[in-house]
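You will see chain A twice below: alongside chain B first, and alongside chain C after that.
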Partner chain A sequence: MSNTEEKKLALTHLWVAFAAFALAAVMGLYQVVERSGFFGFLESREVYYASVSTHGVLMGFVLTTFFIMGFGYYVATSSLKLPVWNKSFAWAGFGVSLLGVVLAALPLLGGAASVLFTFYPPMKAHPLFYIGATLLVVGSWFWCVSMIVMYMQWKKANPGAPVPLAMFATTGNAMLWLWTSAGVAVEVLFQLIPWSLGWIDSIDPGLARTLFAWTLHPIVYFWLIPTYTAFYCLVPKQAGGYLFSDEMARAAFILLIVFSLPIGFHHLYMDPEQAHGWKILHAIGTFVVTLPTFVTGFTVIASLEIAGRLNGGKGLFGWIAALPWTNPMVLAIILGLLMLIFGGFGGLVNASYAMNAMVHNTAWVSGHFHLIFGGTTIIMYFGIAYYFWPILTGKPLHSPSLAITQLWSWFIGMIIMTTPWHILGLLGQPRRIDSVNYNNLLTLSWEPYEVTMIFGGLILLVSSGLLVYNLYKTQIGGESYQGEVEYAEPIHAPSDLPEYLNSFKVWNIIIAVFMLIAFGYPILQFFRMETFGSGAWGV
Partner chain B sequence: MHIDQLEKKWATLSLGIAGLFVAIILGSALFHGIHAPSNVETIDSARLHLSEEFAEDNLGLQRNPDGSVTVRLVAGRYGFYPKTLTLPAETNLTFRWVSLDVIHGVHIPMTNMSTMIVPGYVAQVKTVLRHTGDYPLLCNEYCGMGHAHMWSNIKVVSRSEWDKSNKSAGVSHE
Partner chain C sequence: MNSVSEEERKKILESSPVGTWALMLIVGGGMVIAWLLMYYGVFLPRGHIG
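Let's turn to the complex of A and B:
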């Protein structure tokens, strides 16, 4: 099967993702320097908030969405051994998403959409920002359709056979994203766009926050699933071993998809518009969604242990030393898992109904988010990129040693930046401030941490540069490379797979019921009680 | 279908860990007097000055017959009103917050006083401040260009000291 077109499709998506990443990384360093207050000439709140808004949109929405789409197309074609279904449709989705990014970038860079990537009303951005963000999501729905169609094509051609795990996870992610994006889509289409265009005078910010919370939690699992797909399906092979259990991996993906959806109210613990009972229900669900991560930790580490022992590692921990630490994907997972341990601990604090009050909306939250998203999730995107680039470009990786340096520097930079960030939160620093103006003794204690964070930001920017440089040099390299994606084999090939581990039918029904329970009344209540909308406010 | 024994054990153990966490969370939420703002009470943020409760004269501290104190505050870009507050320590406090414009959030570091202030809703938080001293009151939700300037300082004094300067029962305009 010739897959030149598939390679081009995937590579184009991935380049948009990493171009957005590189630009956002530059902004990141500027922000950490500006907010420290040690460089007075740099201080400008207008530029700062335009930058933070753009940084968030680029990292959170553009890098992720385009990476997931590019990765998904190539996983689909290489794992199912099928051509990408209707390539013009796929390119059309790419075009719609890219148009959305360009439209949203105009007001963002011009300072007319400095509402941050959470865009909570009643602060209003330029309508183009909302329209652009909508188009980005609509384009990604094209990708969802492609993934589901290809999955069905394969199932039809191979009745009863287990869907390859990587594609099972990718299709699950496409379905998750359709469910996830519905909340923010309703908010944007029925509230924000008509209101920003002046067609309606006021909207209810409580309803808007509730709809946004629908999306806000599962979106992080949309971002995480490619990382977990690499954990299960690519890493064991790269490490020289086998996947410990195919069935448990499927169960973990299903749990992630089902339980990441009805739990968004942990973002609203401190909000007045939802009652205790609903918050506690979502809190319980939040702890259920730790299960697939516990299972993943076990299966993935067990797979690594098998690889380490096959490589000759002996003793209780000898297998760790015997892992191929110079393989970018293996190093990425080791560093990613380390950050997951720290970040997961922080997440348990946030998820805890009572403890959250101490850290809610403080710098702790930004630190947590950067560690678990910028750390665990994104470092695996790098690992995937280093593995995919030679396959997609047909050229060997420009410098494997530079890739190793880049991954280590990303890890070190992330630890140096996020540890003080967490401490600042415990010392009471609010998130999203452009400078420290508070006339209080407590705020003096923040200064050393602000300084440390600058070094972290600097290392991260250098690391970003190394990544993009290496990928670019690979692309323009002269030598040729022949290779295909190799998926890890499970120790026991899945057989007699029950239908519920090989299809999403029953799970979609369960999700619908869960969402009805978790969000039905909490949304309905806004139409049953007397509410007072808000007009539009500038920034 | 093949599930390894070790994996079954680990899955059971994970379920136990998550179950233990949920039990602790529920225990603290139900029995430790955790009062996250969840009162679901609406108010017209555009007409606060005409509302009985949040008209300017009624803001600040109100001593209740049972000895508890209600604190009414309005958040608006970029400040908290009234501008200064002296609160009693070791006292049941009920904070009632409203916004007159956009979404704000507020917390007093090192305490449980934390809430989002969403326009259109009254956010009510009950807590007890254990330690006397000067605390900042900080806006923690991005609310516009002046977000980092939205703060004030509050003083927490012992109950006896506070009683001395707040002799009369009823509304205090401190």
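Let's turn to the complex of A and C:
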């Protein structure tokens, strides 16, 4: 099967993703320098909030969405051995998303949408920002439709056969995203756009935050599932081994998808609009999500252990040293798992109902999500890119050693930047502030940590440059490369899977019931009680 | 790089991943201890709000 068009489709999406990443990385360094207060000439509240909003949108929405779509298209065609369904439709989705990014970028860069990537009202942005964000999401729905159609095409042609694991996970992610994005879509369409256009005078921030909480936690798993797909389906082969268990992988993906959705109120622990009982219900669900994370940790590490032992590693931990640390994808997972351990602990503190009060809205939170998102999720995006680029471009990777240097520098930079961030949070530094320099004893004690963070940010920016340089040089290279994605084989191939591990029908019903329980009354209450809207706030 | 015999290979594929169990216990135990340290060593000593 010739898949030249699929390669072009995937590569175009991935380049948009990494272009957004590169721009956002520059802004990240600016922000950590500006807020330190060491460089007075840089200080500008307006520029800072425009930058931090753009940084968040580019990293959280543009990098992720385009990467996930590009990765998904190529996983679908390479794992199912099918051409991408209706390529014009796929390109149309790309166009709609890209148009959305351009429209949103105009007010963002002009300082007219400094509402951060969570765009919590009553902060108010220019209507173009909300319309652009909506189009980005609508374009991604085209991708969801493509994935589901291809999954159904394959199932129809192969009745009863196990759907290839990588496609099972990708289709699950498409369904997760449809469920996930519904909350923010309702918020934007029925609250933010009418409000920003002046059709309504005020807005109910409680309802808006509740709807955004619907989206805010599972979106993390939308970002994470390509990373986990690589963990399960690509890494074991790259490490020289096998997937420990195909069934456990499917169970973990299903649990992640089902339980990541009805738990968003852990983002609202300190908010007044929801009662304690609902928050505790969501808190319990949040701890349930640690189960598939541990299942993933176990299955993936067991797969690595098998690879290490097949490579000659002995003893309880000797297999770790026997892993091919110079393979970018293997190094990416090792470093990613290390950051997941540290970030995961931070997440447990955040999710703890009482302790959350200690770190709420402090620098701890920023440190946590940079470690999880910028660490575990994104470092695996890098590993995937280094593996996919030669396949998609037909050129060998420009410099494997530079890729290894880049991954190590990203890990070191991320640890150097996020460790002081966590400490600053415990020392009481708020997040989302443009200056930390109040010239009193408390804030003076923060300075050594600010200096360390700048150093970490510099390393991360250099690392970002190395990534883009290596990918660009690969693309323009003169040599040719012939290769295709190689998926890991499980030790025991699944032959007779129960339907609940090979289909999403029953799980969609369960999700609908869970969402009704978790969000039904909490949303309905806003229409049953007297509430008061808010006027606009902004920078 | 595959430096094991066919017999060893079969044994590796059939054996329990003891190194993984050990790592998971260490990481899981470490997280519980770290959480308890944070709760009793940092959070509770701060006392009531206000």
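Criterion: the second predicted complex is superposed on the first by the 533 of 539 C-alpha atoms of A that agree within 3 Å, B and C clash if a C-alpha of one lies under 4 Å from a C-alpha of the other, contacts with A are read in each partner's own complex, and residues count from 1 in each chain.
One rule holds for everything that comes next: a residue touches a chain if its C-beta (ideal position, glycine included) is under 8 Å from a C-beta of that chain, and two chains touch if they have at least 3 such contacts.
It should be emphasised that the depicted structure is a prediction, and the values quoted were computed from it without experimental measurement.
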First, second, both or neither for A:531, with chain B first and chain C second: first
First, second, both or neither for A:442, with chain B first and chain C second: first
Contacts of A:319 with chain B and chain C, given as first, second, both or neither: second
Which superposed partner A:348 touches (first chain B, second chain C, both, neither): both
First, second, both or neither for A:287, with chain B first and chain C second: first
Partner chain(s) touched by A:357 [first = chain B, second = chain C, both, neither]: both
Touched chain A residues, chain B compared with chain C: B
Partner chain(s) touched by A:310 [first = chain B, second = chain C, both, neither]: second
Chain B versus chain C as contact partner of A:368, first or second or both or neither: neither
Contacts of A:126 with chain B and chain C, given as first, second, both or neither: neither
Footprint overlap on chain A, where chain B in one structure and chain C in the other make contact: 244, 294, 298, 302, 348, 352, 354, 357-358
Chain A to chain C touching residues, read off their complex: 240, 242, 244, 294, 297-298, 301-302, 305-306, 309-312, 316-317, 319-320, 324, 341, 344-345, 348-349, 352, 354-355, 357-358, 426, 491
Contact set on chain A toward chain B in their complex: 45-46, 49, 114, 116, 120-123, 204-206, 209, 244-245, 247-248, 268-276, 279-280, 283-284, 287-288, 290-291, 294-295, 298-299, 302, 348, 352-354, 357-358, 360-362, 427-428, 430-443, 492, 494-498, 501, 525, 529-535, 537-539
Interface residues, chain C side, partner chain A - complex: 1-4, 9, 12-13, 17-20, 22-24, 27-28, 30-31, 34-35, 38-39, 42-43, 46, 49
Complex interface listing, chain B residues touching chain A: 1-4, 6-7, 10-11, 14-15, 17-18, 21-22, 24-26, 28-29, 32, 34, 36-46, 101-103, 105, 107, 109-110, 112, 114-124, 134-136, 138-149, 151, 153
